[in-house]
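Consider the two complexes below, in which chain A is the common component and chain B and chain C are the respective partners.
Coming up: the complex of A and B.
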């Protein structure tokens, strides 16, 4: 019984991080209907930024988060102008292909520079034990930081002028333009924010697990499931979706062979798509 | 406009012809074809194998080439990036045979890719030396031109089972491994060997290769009351398992993980790496007296001088694939494929990599029957994590540490 409870707690902890990782993906989708296929690679970029900052410059792991946010934002704005801007208003397949192409280039560069060798950032924090089961301190802190970042994103979107403008663009771009909102600039900011979130989640994941240049694929895949669970274009829903996915993994693992976990996850993905085409936590008032 | 289009088409066609131009074998050259995983998830291990092969080629050419009947053949490689994808492997090996006119082939890295490449090498009757795939299945299909220089997957964890049995005959083992052909074959054989030795296997499960978080799986291992762990798969999964078992205090007295701990980067894990054992095809601490080719220390030094990195077992197996082909050609005194195949069938030689001999049984032709693996353990060497050979005892460079908490 204790083992099951431990797995559920573990599921919530890692689910919060999954949620944060998916938030950037769903934010960009919500604002401009673009599926950013560089998302997994941006998560990996966060991991490598953490590695370089901690090993080369000696920055403590959690102090690397603010530069990651700023760096991720700038990279995101650049990504918007390179791969997304000309695709706005075109069929979704165009932006899918353009971000896919950029992703291949980035992975090619990453593999050329680092290979697919393993990198590890050692983080030692005291954990919490319940009986024989231990929850590592780094997992608890990463989950707490993911929740804080999600709350800050909520406040940004709902309480600031810029956040409200972003939501206006997400809900009706033409109307937003009519009232004088510079939509192009805001679209670039949205991609910047989405990539910054991917980078920060990558940093947090980098404190938990070893990683390679190709680690992003798994998180991007989970990001899609979380996005569907949480509702397309709903960043806070993504956090809920992440927790739901983590809980599911935690609840299923003690009872079925672990090789079935992925099968069950994707079966749920299909079921949710059928029953709730907009996602379980889809906003009734539209995107964001 | 039409003329411009025609011009572009002609330019493209000319460029394509240049790239597609077949490489005709020259009189004094032996062309060997292969693919390497320069990109994709197999990149690290494949790079080691590729470097080993290239080092053999460069050494042979620098020494004047392969000597056959008073004539010397320079070795030429034609290689492509298979992107770690089986489908690419089949396209590229077909190209290597038909367009590049490769006379002999080296295998790609990993069991899955070797199985894909073997279909092509057999179809065209080309000898292929396998230095990167340990699964025996392709060798049970009646293939005649495929030769494995490494120990097959069934014996990967034999040393670990023997050593664990000696230390704790009542050990309870959790076997958790990647859901891929290589890992499944290794663990199925290990389970049988463990049960025969009287050990109890309390958990036997595979996980999807894309698994990123092993937290719930580690909890399940703890719940199984296991005190020994065997499993893993390839790279990041093995390292993540080692780290999470340590951080979640799974308190395993024994941990054997496939492949990942065989790479020096595994030491970056720090304390979670200590005590972890890894089956290895070759370690620099083990010295065999070679009948042919360089000694262990000569190979290790030359590799480090050339690549400024320590040679791992993938590099050693890559070099050995070349050396064994050279040995067979020189014994056959011919580059005729049939004569070389006959010489390979008769091969019974010790190199720095160990003893190499191929099965000539039609039901398992080409399978390696002489080479033996060692078991290495991560221990503190001069205060830092380093690999030591701990099994078999005759080859030990350090005593086996059990339980592993004693090494941390």
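Coming up: the complex of A and C.
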């Protein structure tokens, strides 16, 4: 019994990081109805930023966070101008294809340079022990950082002028334009923020689990599941969806081999999409 | 359109000519090298034309068409290897099995519209691959080997390769005819209407869920048979090969390159892509960056030429639109 509770708590810790990863996806989705299929690869980019900074430059792991954030933002703005800008106002399938194409390019370069070998960043932090169970320090710190970043994003969206403008664009782009909001620039900023979140969450996941160039697919799928659970275009819902997914993984791991989790999660994904097309935690569309 | 009306259309005979050309050219001088590159072209044409039923006609992107190919391969190899079924029967079983499965799945996931459907197809690949990797009767992650003895009924390995090649060409031909037949049929019109505006189509009485599920399951049959042939030919199947996303990605690139929704464009696109790929693989610098080239190509098409090759041809020679579907 205690084992299950421990597994659930660890699930919540990891789930917070999944939630953070999905926030980037859902932010872009909510603001411009674009599904960013490079998301998984951007998460992996965050992992590799962590790996390169810690092994090549000897930076302590958690100091890789600011560069991942800033780098992710710049990459995101670039992504907007290359692949998304011309797709605004076109059928949604076209932006799916364009981000998919960029993803192919990135994956191709990644596998060309690094192959598909497994990378690992060792983080040694003292864990917290309760009875016979020890919660790894890296999990606790990653979850705490994810929660802080999520809170900062909330404050940014609700308390700053730029964040409010972003929400206005998500709500009604024409109306936002009429009151003088430079929508194009804001769309670019939104993609920048989304990718920055992907990069940071990738960096945090990199401190928890080993990774390859192709790990992004699995995390992207988790991102979709979390988005579906939390409601589309709703970053705070995404955090709750992440916790829900983490809880589910925590509840399932003691009983089912790890390799089956993805099958279960995917079945859940389709079922939720069919049963709750708006998401379980969604209060209303456009809750951004 | 009935069979008789079809026989009078020039396009019917153009397809027949293409099939004949595929069947005859490698026979001249017993050209095995040409045959192997044509096998790949036939696989591309099969996958891309069937993908086109969803992508081009109904406007639904299926990122996971490789699942049909891989599952078909698994069912065929498994039946041949474990139960000693003949190749023909196993291929039919693979096609039928995968079609039925995708019909059942389709009824569920086709309730999802547009981008959500696309996302769920990505999930299907991951889910099916994870399932197969854990499924012990299919050898889990180490896969299934076929003993060379199964080639004996086909007249030994060398002759078997020719038999398999002609079967590939037949599957390719059937794919082209299927695309053509659906496009000119009432259900094809319904699918095109769904692609234009699904709500309007539903209001006007197009039974959208049924048509979509039908198209999805029809687009599964021939790729599954092709997968069966492909993995029977290589005598080995494992999850990472069977569900390699490269192939379904290439099918999307081909559809967009040739012109989504056209039968000719997809076939020409497949052939052109195969040629390009052949060049890239022999070129020292590009062989490692094949995905990058596919990606850049797809991005350029989506950004600047969304109607593809046939869009260009139709706009230059409008009268060709009546002949080349």
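Everything below uses one rule, namely that the second predicted complex is superposed on the first by the 272 of 288 C-alpha atoms of A that agree within 3 Å, B and C clash if a C-alpha of one lies under 4 Å from a C-alpha of the other, contacts with A are read in each partner's own complex, and residues count from 1 in each chain.
As a convention for this text, a contact is a pair of C-beta atoms (placed from the backbone, for glycine too) under 8 Å apart; a residue touches a chain by one contact, two chains touch by 3 or more.
Because the structure is a prediction, the values reported are computed rather than measured.
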{"item": "Combined model on chain A: chain C and chain B, fit or clash", "value": "clash"}
{"item": "First (chain B), second (chain C), both or neither touched by A:103", "value": "second"}
{"item": "Contacts of A:259 with chain B and chain C, given as first, second, both or neither", "value": "both"}
{"item": "Which superposed partner A:83 touches (first chain B, second chain C, both, neither)", "value": "second"}
{"item": "Partner chain in contact with A:35 - chain B first, chain C second, else both or neither", "value": "second"}
{"item": "Touching partner for A:217 - first (chain B), second (chain C), both, neither", "value": "both"}
{"item": "Partner chain in contact with A:270 - chain B first, chain C second, else both or neither", "value": "second"}
{"item": "Which of chain B and chain C A:93 touches, first, second, both or neither", "value": "second"}
{"item": "Superposition clash, chain C versus chain B, among 1-9, 109-117 or 235-243", "value": "235-243"}
{"item": "Common interface residues of chain A - those touching chain B in one complex and chain C in the other", "value": "107-108, 111, 217-218, 221, 257, 259, 262"}
{"item": "In the complex with chain B, residue positions of chain A that touch it", "value": "3, 6-7, 10-11, 13-14, 107-108, 111, 115-120, 122, 127, 129, 132-136, 138-139, 208-212, 214-215, 217-219, 221-222, 249-250, 253-254, 257-259, 261-262"}
{"item": "Contacting residues of chain A [partner chain C, same complex]", "value": "35, 82-83, 86-87, 90-94, 96-98, 100-109, 111-112, 217-218, 220-221, 224, 257, 259-260, 262-263, 266-267, 269-270, 273-274, 277"}
{"item": "Chain C - residues contacting chain A, complex", "value": "59, 61, 63, 108-109, 111-112, 114-116, 118-120, 122-124, 126-127, 130-131, 133-134, 249, 252, 256, 288-299, 302-303, 306"}
{"item": "Of chain B, residues touching chain A in the complex", "value": "38-44, 47, 176, 179, 205-208, 210-213, 215-217, 219-220, 222-223, 235-236, 239-240, 243-244, 247-249, 251, 260, 263, 265-266, 268-270"}
